[in-house]
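Same chain, two partners: subunit A is paired with subunit B first, then with subunit C.
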Partner chain A sequence: MAEHLLQVDNLTVQFGKTFTAVDGISFTLEKGQTVGIVGESGSGKSVTSLSIMRLIASPPGKITNGSILYNNRAGQKVDLASLNEDAIRGYRGNEIAMIFQEPMTSLNPVLTCGYQVAEALRLHKKLNKKEARAKTIELFNKVKLPRPEAIFDSYPHEISGGQKQRVMIAMAISCDPAILIADEPTTALDVTVQAEIIQLLKELQQEHGMGIIFITHDLGVIASIAQRVVVMHRGKVVEEGEVHDIFKNPKHPYTRGLIACRPTLGRKLRRLPTISDFMSEGERTIIAPNIDIQNHFQSLTISDNETKERRNTLESQVPLLKVENIRNWFPIRKGFFSLTKDYVKAVDDVSFEVYPGETLGLVGESGCGKTTLGRTILRLIEPTSGKITFKGTNINSLTASQMRAMRKHMQIIFQDPYSSLNPRMTIGEAIMEPMRVHKLHSNDKTRKEKTIDLLERVSLKAEHFNRYPHEFSGGQRQRICIARAIAVEPEFIICDESVSALDVSVQAQVLNLLNELRDKFGFTYIFISHDLAVVKFMSDRMIVMNKGKIEEAGYPDDIYANPKSDYTRKLIAAIPGEI
Partner chain B sequence: MNILSFFLKKIISGLLVVFGVSALVFFLFNLLPGDPARMMLGQRADVQSVQSINRELGLDQPPLKRFAIYINDLSPVCLLSKDPQSFIFADSAKYGETTQLLSFGERSIYIKQPYLRRSYQSNRLVGEILVDSLKGTFILSIAALFLASFIGIPLGVISAVKKNKFADHAIGMIAALGMALPSFFAAVIIAWLFGFVLSDYTGLEMTGSLYRVDPFFGPVIEWKNLILPSITLGIRPLSVVIQLTRSSMLEVLSLDFVRTAKAKGLESRIVLYRHALRNALNPVLTAVSGWFGSLLAGAVFIEYVFNWKGIGKITVDSLETYDLPVVMGAVLLVSCFFILINIAVDLLYGVLDPRVRRSS
Partner chain C sequence: MAEVATQQISKSKSFKAAVLFLIFLASISLTASIIANDKPLFVKTESGFWFPAFSGETYYNQDLRFADLAEMPSDTISVIMPPVQYAPGATDIENSGFKSPGQTQFKDESGSRRMLRAWERHHLGTGKRGEDILSGLIHGTRISLSAGIYCAMIAGFIGILLGCVAGYYGDRGIVIPRGIAFTTIIGILPAWFYAFNVRTYLITADIPVSTSTATLQAMASIMAFFAVLAIFASLGLLLNYIRYFNNKVNFPIDWVISRIIEIVNSLPRLIIIISIAAISRPSMANIIMLIGLTYWTEIARITRAEIMRIRNTDYIASAKSSGASPWRILFKQALPNALPVISVSLIACIASAILTESSLSFLGLGVPVDIVTWGSLLAGAREQFDAWWLVVFPGAMIFLTILSLNKIADTISSRS
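== the complex of A and B ==
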């Protein structure tokens, strides 16, 4: 057997006495190879990567079994799992480096970017201050940061998210590591930035011959970077193999579900396949009807006629919402007495209409103004100019109390299910609160019944009523937020990046839920997202926004098949791994 | 925004606050019932003497005019007259050294030190009285906060790192005790225990000020008198600093960039002090500076128990005797301190956290 660069053998990590986060997994990594570890949150993929670096919080985390054999620079085999703290420190950042998911929070806000990279060089390579600076600037050039000299002295908050991730990469490759562990490095970034970062990692790998462990919940990203893939589920490896084979012929039902549940640009589906289509889980056993992915897709596809019919019915109605020439300019004050004014044109002269029962998709990258637009429509932010007509009423002219009454009809579901629920309120209370505010139903008893009904509608249970948000997973929390939004029986809901923080498999369930609810209650949505494939799946019509302006508007199929603007083309090209 | 205009802005808004406080102080104390002239002369004074005192102090003038003169007295740039009958006569006994800037005949614009008037009781310049007592309070507060920060921050860090272990619990106990102990009670106990019962071993006395007046050599500094009051005064800030450092450190240690620092292979000591502590210090700084301001306003109880000559003691003493100029001067001085400290803290935030420099 050839010498592996890294050989993880039967690794088991326990948290406390009872919870086994990683349960006897094995895989290998070769020099110059990229292994993808894919799985949803809680599958143990991050714990695996942190175990290799020995960075799991201990206590409560502990490696209880198995070995992590690493062939070090000196040609010796060491078991990283059994090294002491001092010895492992010599490898961290030096021979094995890591980049993390959140570039926004992974850099220390009070130290300059350059300092943080140079720190690793001074530690492991024993460079002096001047040498470390020169080397850091060289690294910044290598990771294609603009103006490396200036960025050396910049603080993290002064540069963009993509640039921060580049700084992180520069830090990781600074000591020429043999292994680079990338833990969801692109999940928080826009698609175009994601494509650039993946390209950069590939180039660096070719140059340095690093072995990369790439962790993600998105199989599409894996397809565009890795050669081998390890699929993890509940702490175990369910499938492992060459990327090509796994995509072509996935053996495990979980892998099939994971592949199928990603919305793709090429297909038009009634609902997204979910993992539960492919398998259902008991305590210990997995029941899997043998479903072929392609056949399954076939059965879910919507015909063109059906689409046409739907469009005709929708567009024959009077628009529910009319947005005319909305502008939202934020003044930036400068100078000593804050007199000089300049403007950030967050939303600049945007007009559109939404028909009852329709889903209008709004896609664009961060900073394009899509969130500002959504909030302006709800009058959470006052527009600088323009007119918003909802149900025939000009809502900009409403008084505060009239607007409060109007809010019953318009709701919003936010991006982050973690911070949009009050941690000290039971979810039952959280859902009942808007009903009370709008004086719906006669008393708390009927409200409670209604709430339990809502919980069941979003696939939660009645017994969840008295629980607190921290007891739920991200996907469940987003369902709670949805239940809260529909509690006041609105007609119009804005979903502002409502699925962006979720795993692809959970995302599929939530998207399906939104569609079911729309069909059942006749909701009208504006669906805001940075993910073109998700927007295409959801929308009847869509708008591409860029720098506050509408770049392109039309039917999703047309935009995808025949993008008119360069920006849209760039967005489509950046989507990773069409399967 | 550059640091200079940031600074200037703070100064200007600070000056506005000082003006507001002066107005408040003036009207509060001058429109209160009470008669300084009677307090000076005693209950049995005749009407004529009371009137002449009132005339001398300008208390027979309408309030707005008196306020204008008061502000003119306070302001470093002021209007003075050459006419000895005028209320704003450039009297060197009042204003000390003055520098003339512009002249309009009879009246001229001068630069001078703020004139806080004279004590009704001792007839000393209020400025002098305050400077004397301020020295005491200032040194006492600095010593107390020095103690609180330099012991409290490391203890808080230890407590956070050893979370839920013995050291954490022990430090937590100390902090809880310090929070619960009322300062007047602590002062009495500490003075009695270390200044009386154990004074043979400690060599300390129960009471005493920074300066002891020696019959032959005049005032002599007695540093050892500082020990007991500063410890007493520092107990509560110490507890607050410990608790704040602990909680803020725990929060910072769970943040992503700490993991990044560890992943770089840094020693835990460096991760702790270079990466985590600086991020954790902001709330501690806010608390310490707040304490400093309120300590300067006078640690009344402690100054009383230890007979330490300071602002707090002076203010209370002069309130008792209706010595308005001293009270007004003390309140003004303390509010100026609060403003100065706030400016200093804003600047310090900027040094500690580069994000503040931008957003403000």
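== the complex of A and C ==
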């Protein structure tokens, strides 16, 4: 058998004395090949990649067993796991490069983008200033950055998230590495940008013949880039093989769950399958009823008649919310006297209605104005002009105190579950606070009972009442946010990218929870997302937004089957991994 | 993460030492009159018993003082003296003229001069009039700490309030009818007049009685200032019937407060304090108030910046969308998150207030002559350069206190 480019053998990484993050995993990577590592948060996939670079924090992390054999440029076999610190530094960035999840934080905000790339070139390739600049601009061209000269001199905050990730890729490939490790490089990005970045990585791979290790929580993404896939669960490899085989015939129930839980465009489901449909976990054992994915999908599909009926009953009602000609223009002030020179038209002349009990989907790329629109409806931002009628009241004419009373009926769930909970409040307090504001329930004792009831309703436990947010995972935090939003028994909830920061498997659970709550309490949702597949799954009607305007509106099935604008087609094409 | 941080803190020895030292100072200042006093703690005679040190009781119409022990009534059964048998600043003629800690010290007992016994000595030496340095240090601790804490209270109250309002509302947060804006601006003058001119008597009358009530009166004055402003603001509601006054205008509260901070900051702080202290009646409360009223700007600036950062987080937006009122959001959600940073500046304020108070009493400005402070002990060394004990001991106290406070502030700021 030919030499492998990288051969990870029985790798074990421990944190402290007790916690084994990676438990005896093995896989190989060939030249010019892409291996995908898939798993949920905490499955050990990032620790694996950091171990190859020997970047795990040590102590407490330590490679306790196994080898990482790498065939270096000189044709020697080296074990990265046992190299000393000086030797491994020669490989980092030079032969093995890495790109990270968060392009916002992995570039230094006080240095220009070009300087940071050029710096790496001067360090590793010993180029002088002028050569480094020329080479950087060449690299920027290669990663298809628009106006490379301008971006060379711009600071990270001046360019978009997708562009930052391209700068990171340029930096990673600057020394022509043999292996590129991409740790969730597209998770923080819009699906459309994700599709572009994946396309770029494929092209670069063909050109340079690198081996790529692509790490993600989303099996769908893997399908569009990798040849081989390694599925990790709790630090162990549960399944490994060719991408086609795994998608066609997943053997492990966990893999089946991961494949099934991603919302897809082609199906209309009552609820999303979750991993717990396929397996339930004990302390050490996994109990898995043998469920076939296709049959499972079949049992969850909604018939056309059912959809039609639901539409008819919904639309025969009086609209709960009416938005008329909403505009939100932000002035651009320039010069010495701060005169208004122009406007950013974040929301431009948008009108729609929402019926009680309905979910209205709002889809579009970052910066299309969907978040501003959501916040304007709640009057967290004042509109420039237009009229918002909620339950027959024009909410723009309400005074501040009337508006505060009105907020009992309208709630919002934010995107980032990390920043939307006050770090210095226990989650019990956080959920009780809105009840106190609106003086719901007579005293704190009944409020506490109610809070515990809410916690259980969103699958958390009563004992979580006195814990602080930092003790919870992203999915759990989002459940807490949901519990807080429904604590005041609202009628209308805006979900602003509420699942975008979550793993696909957790996303499925949260989406199901939102739907369950809607059916039980009759909530009305506006569901905002950049992912058309998610919006299509959630909504009864859907609006596609672009540059502050409504591009297209209608029933999700119709829009999917027959998109009218190019923009919508682009959004549909960006959804990865149709199964 | 938080657990790791607390572990690191408890591991840091210098932080522990700093906290212990401050606890030590606080307990000294609370028990100063028991530790160092020239009156006995307990006197028992055949006709009854007394606690002169606690109650200031006199016996036979004269102070029961150590110096007069010989003249104690003949029926005295037992006397218990405090560990340090001198009152701060009390004259001791026998040992006057700068006696060093090691020097032979004398006592006049019924006309004959004898050497002091070991426990009766001036352990840290004496000053010009024979005043005991140790006793002065012990009582000075109370003055310094209370000066620091009261100053921080005044400065913190103004600083946090203004900082919160400026940071939370910003320049566009307050939109009010023109009438209210008018009457509020007009109200500033009468409010100032009532709070700080009419009430001056109330504040200063309390000064000789107790520093703490005077501080409370000063804080009441500040509240009265805002109360009068509120009354004027509500008068503005009446103007709402006139159309011109009902138009909404943007009140740039952040701009106004920031300019006030800049103006106060641009005044040379120590010179202002010195010049006002020079013309006003010397009193501790005056000094404390002056320091407090000039040191709030730093706290206000830091609070403003911190609240501005927190204002843009999602949990504040979420509190807004749940219908909480601005004040509720400010004090329940925003302020607790700003507290670690604010507490650092509060501690720094305590430290600089102690330092300012010490330098003022060193200069002998604004502090009553009969009050012994660390600064006034230091000042004694100006008259006699060889009296090293007048420099070393008070200087070390000031140095260690400031060092401990800074260490604590440092640790808090590196943790958050």
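Criterion: the second predicted complex is superposed on the first by the 578 of 579 C-alpha atoms of A that agree within 3 Å, B and C clash if a C-alpha of one lies under 4 Å from a C-alpha of the other, contacts with A are read in each partner's own complex, and residues count from 1 in each chain.
The rule is simple: a residue touches a chain if its C-beta (ideal position, glycine included) is under 8 Å from a C-beta of that chain, and two chains touch if they have at least 3 such contacts.
It should be emphasised that the depicted structure is a prediction, and the values quoted were computed from it without experimental measurement.
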Q: Assess the superposed three-chain arrangement around subunit A: do subunit B and subunit C clash, or do they fit?
A: clash
Q: Check the residue A:Leu454 against both partner chains and state whether it touches subunit B (first), subunit C (second), both, or neither.
A: neither
Q: Please indicate which partner A:Cys481 is in contact with in the superposed arrangement: first for subunit B, second for subunit C, both, or neither.
A: second
Q) Of the partners subunit B and subunit C, which touch A:His470 in the superposed model: first, second, both, neither? A) second
(Q) Let me test your reading of the model: by the given contact rule, A:Ser106 touches which partner, first (subunit B), second (subunit C), both or neither? (A) first
Q: Applying the touch criterion given at the start, work out whether A:Ala405 contacts subunit B, subunit C, both or neither, answering first, second, both or neither.
A: second
Q. Should A:Leu258 be classified as contacting the first partner (subunit B), the second (subunit C), both, or neither?
A. neither
Q. Of the partners subunit B and subunit C, which touch A:Met168 in the superposed model: first, second, both, neither?
A. first
Q. Between 111-119, 129-137 or 399-407, which subunit C stretch has C-alpha clashes with subunit B?
A. 399-407
Q: Please identify the positions on subunit A that touch both subunit B and subunit C, taking each partner from its own complex.
A: none
Q: Using the touch rule from the top, collect the residues of subunit C that touch subunit A in their complex.
A: 1-2, 313-315, 317-325, 328, 332-333, 336-337
Q) Within the complex, which stretch of subunit A touches subunit C? A) 375, 378, 380, 401, 403-408, 410-412, 414-416, 419-425, 433-434, 437-438, 468, 470, 481, 484, 488
Q: Please name which positions on subunit A make contact with subunit B in the complex.
A: 53, 55, 89-94, 97-98, 100, 102, 105-111, 116, 119-120, 123-124, 155, 157-158, 168, 171, 336
Q | Complex interface listing, subunit B residues touching subunit A | A | 5, 8-9, 255-257, 259-267, 274-275, 278-279, 352-355, 358
